[in-house]
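Each chain carries a letter (A, B, C, D, E and F) given by its place in the written order, and its residues are counted from 1.
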Amino acid sequence: MPIVTATRLVRFNAAHRVYNPTWSDERNQATFGKCNNPNWHGHNYTLEIAVEGSVDPDTGYVIDLGTVKEVAERELVRHIDHKNLNLDVPFMQGTIPTTENLVLACWRILAPHLQPARLVRLKLWETENHYVEYDGR
Amino acid sequence: MPIVTATRLVRFNAAHRVYNPTWSDERNQATFGKCNNPNWHGHNYTLEIAVEGSVDPDTGYVIDLGTVKEVAERELVRHIDHKNLNLDVPFMQGTIPTTENLVLACWRILAPHLQPARLVRLKLWETENHYVEYDGR
Amino acid sequence: MPIVTATRLVRFNAAHRVYNPTWSDERNQATFGKCNNPNWHGHNYTLEIAVEGSVDPDTGYVIDLGTVKEVAERELVRHIDHKNLNLDVPFMQGTIPTTENLVLACWRILAPHLQPARLVRLKLWETENHYVEYDGR
Amino acid sequence: MPIVTATRLVRFNAAHRVYNPTWSDERNQATFGKCNNPNWHGHNYTLEIAVEGSVDPDTGYVIDLGTVKEVAERELVRHIDHKNLNLDVPFMQGTIPTTENLVLACWRILAPHLQPARLVRLKLWETENHYVEYDGR
Amino acid sequence: MPIVTATRLVRFNAAHRVYNPTWSDERNQATFGKCNNPNWHGHNYTLEIAVEGSVDPDTGYVIDLGTVKEVAERELVRHIDHKNLNLDVPFMQGTIPTTENLVLACWRILAPHLQPARLVRLKLWETENHYVEYDGR
Amino acid sequence: MPIVTATRLVRFNAAHRVYNPTWSDERNQATFGKCNNPNWHGHNYTLEIAVEGSVDPDTGYVIDLGTVKEVAERELVRHIDHKNLNLDVPFMQGTIPTTENLVLACWRILAPHLQPARLVRLKLWETENHYVEYDGR
C-alpha cells in the first residue's frame, strides 16, 4: 500500500514578546533586540500540518483534510488566534514564545488527535522570510 | 559526486467529483460532502516534479528541466488539463479522483520517463490551503 | 472626511464549460478550444471585493470587513462554491460562464448588500495568470 | 511627457488592539470581537507606496525607488515595526488603530517627503485576505 | 453594455544595466549604484496586460485572453525573454532600460494589436518588492 | 532535546549565461538554447537556508535567524547580488553557472559559518517555476 503525505494549512494572528524573564533587561535587549519590545509586536502565522498514511481504498483519502482542519481549529487555532502568546495561551506558559517553541507546542497538541494518520511534519511560517519545521525527533 | 534535487512546476485545471460509486448517495454525501456534487466542481492544480541525480560536469545540470517540462506536458498534462478527472482520463478510471490518488497516478506515469535522473518526490497542490506528497514508498 | 477603499478576498472552487449553446459544435470548438470540453473543467477562483466610504470616527472602519465576508458567503459563495456554474447556479442561467459574465453577476448580487459602504470594484482571478475587473460602469 | 506610477513595497510587524476607549467593554466586544483582545494581537503588514510623475530623461526614473524605500524606513517603518500601534506610536495616538486609520496616518507622514514625485496611492495589507487603499481624497 | 477590464500576465527574464551613456562613470555610479554594474545583472519580470471593452454577448469575452497572450508572445516576449535589454532589443535602443522606460516601450508595442479591446493599463513587476504602471497618459 | 529546523530566506538578482566554454557554439546552442545568449540574461533568485539543531532553553532559538541573515549577506549575497555569475563571482569561476552549481557553491560558502547549528538544506529558486535543493550528500 503506497504511503502518501497530506498537508493542510491553517492561519492565525498573534502578539508576542521574545525575552527570557530570568534575564536582565540589558541581556534581553542584547539578545532579542526589537523582538523584546515590552509592549509586544505580532505576526500573521501560517502552519502547515502534514500527516502520513496509506490511502484508504474506500475513500481515496489518507485522512479527510477537513477533519485535520477541524481538529486544528478546535485544539489549536481558537486558543492562539488573536491572542497574546505570552499572556493568553496556557500551553505556552513557561516557554519563550519563539517560532521554535511554538511549533513544538503545536506538535504536542495536534499529534494525539490525528489517528489513524500520523503527524509527520509541521512547518510554521512567522513572516514570509522565515519558518521553522519539526518532525517529531 | 554531489547529489542535487531539481524541481519543475507544471499547472493544469480540471473538474472532478469525489465519491465512491459502490456506495449509496447518502453515504457518499455523509463522507464527501460538497466534494460529492454530482454536477462536478474543479480546481487549479500545481504539480511540483522533483528529480534527483548527480550534476553532469559537462552541463551543470542534473537534468534539463525543460525536458522534464516536455515530458510532463506530453505524458501527463495534455491528458488532464481542462478535463474531467472522472470521465476523460483513462489512467484515473477505477479510482476515486482525490488528490492522493491523482498524485499516485502522476508518479506511475512520470517515473519511467525521467532517466537518468530519478523521480524522488511529487507535491500536488489542489488549493492554496492543501497539498499531498508522494515519494515512491 | 477622507474616503478609503477596503477590500476583502473570498475564494471558491467551481466547474464550468465555456460555450455558446446556440452555436454548432464546430464553431464552439473553434472559438473556445479546450474551455469547451463538454465534460467540464474547473478552477479555484479568488474574488476581491472593494468597498469605499468615509472612515467612521467611532469604529475606525469604512465597514467591518467581517460583515463583507459574511455577506459574500451568504449571498454569493455558498451558491457557487463546489458547484457547476452552467448547471447549478440560478443567477448564471442564460449567460456563458466566462470570468467576465461571472464578475458581472457577482456585482449584481453583492452591490445591494453593502450599504452604507459602496461597492466600487470587483477583481476576479480564475487562474494565477489572468483576472477580470468590474467597477459598475 | 508620459506619466508613470512607480510602487515600492515595505513590510513591518506590529501588535494592536482594535477598540474605542470611550465605549463600554460590552460595546467594544460586540463591535470588534476578537480584535478587541485587551492583551493585544498582531500582524505582518505590507504597504505598497505608489508615486507618480513624468520619467526623467536623464535617469529613466520617476523617482529612485531606493529613495522611496529610505524615506519609508526613516519616516515610517522604524516607528511602527515591532511596535504596539496603540502604545508605542505617537502619530497613532487618539485614533483607533484599524487598517483604515493606519493607512491615513501613513499618507500624512509620507506625502511631504516624496517630491518631485507625487504620492498617489497607498495599499496596506493586514492579512493575505484583506487590505485598504487611500489615494488622498 | 457594461465595460469590463480583462488582464493577462506574461513573464520573461532579462539582463540589463541601468546607466546613462552620456555621463561619467562616477556620476553613473553615484546615481545608479549596484544597478550600474558594467557586467550586467538581471531579473524575472512579470507584466500584467489589462484591456477594456464591453462583453461580447456571443462569447462572454471582452477579448479572448489567449489572443492577448499570443500577441504578447509574438510582439513582445520573444524579443526580450532571455535577452539583454541594452544590447539585444531594438525597441529599447536609445533609452535607459529602467522599469519605467520598459513599460512605456511595452505600451507602444502592444497597444496597436489589441483591438477591438483597448489597452488601458500595464503593470510591470521587476522584483517582488517593486513595480511600475502606465495607463497611456 | 527536540531537534528543530529553522529556515531564513534571502534574495538576490544576477545575470548569467549557461554554456560550456570547451564546446562549440553549435553544441552550446543545441544544449542550452536561449539560456546560452552570449549577451546574458538574468533572474531574481530566492535562497532558503535551513539549519538544524536543538532548541536552546535559554533563548528558545535553534540559532538567531538574524545571524543567519547577516552571515548570508556578508559571505554570499554581497558577492552575487546585482552581479554577473560568469564574470564577477570568484567562487563560480570554472563552473557553469546553472542553478545546480550555484546551490553547491552556496553550500560550500555557508556551511562553515553556521555553527553550532548545522546547515541541512538549501533550496534555490531561479524562477517561480523551478528550483533546486541540496542537503550535503
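Quick note on the criterion: contacts are C-beta pairs under 8 Å (C-beta built on N, C-alpha and C of every residue); 3 or more make two chains touch, one makes a residue touch a chain.
Being a predicted model, the structure only gives us computed values, none of them experimental.
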{"item": "Common touching chains of subunit F and subunit B", "value": "A"}
{"item": "Subunit D and subunit F, separation of their C-alpha mean positions in angstrom", "value": "33"}
{"item": "Whole-Å separation of chain centres (CA-atom averages), subunit D against subunit E", "value": "28"}
{"item": "For subunit A paired with subunit E, centre-to-centre distance based on mean C-alpha positions, whole Å", "value": "41"}
{"item": "Subunit D: positions in contact with at least two other chains", "value": "128"}
{"item": "Pairs of chains found to touch, sorted by chain label", "value": "A-B, A-D, A-F, B-C, B-F, C-D, C-E, D-E, E-F"}
{"item": "Contact footprint of subunit B on subunit A as seen in their complex", "value": "2-9, 50, 55, 58-62, 64-66"}
{"item": "Subunit A residues within the subunit D interface of the complex", "value": "11, 13-16, 34-35, 37, 39-44, 81-84, 87-88, 127-128"}
{"item": "Subunit D to subunit C touching residues, read off their complex", "value": "18, 20, 31-33, 95-101, 103-104, 128-134, 137"}
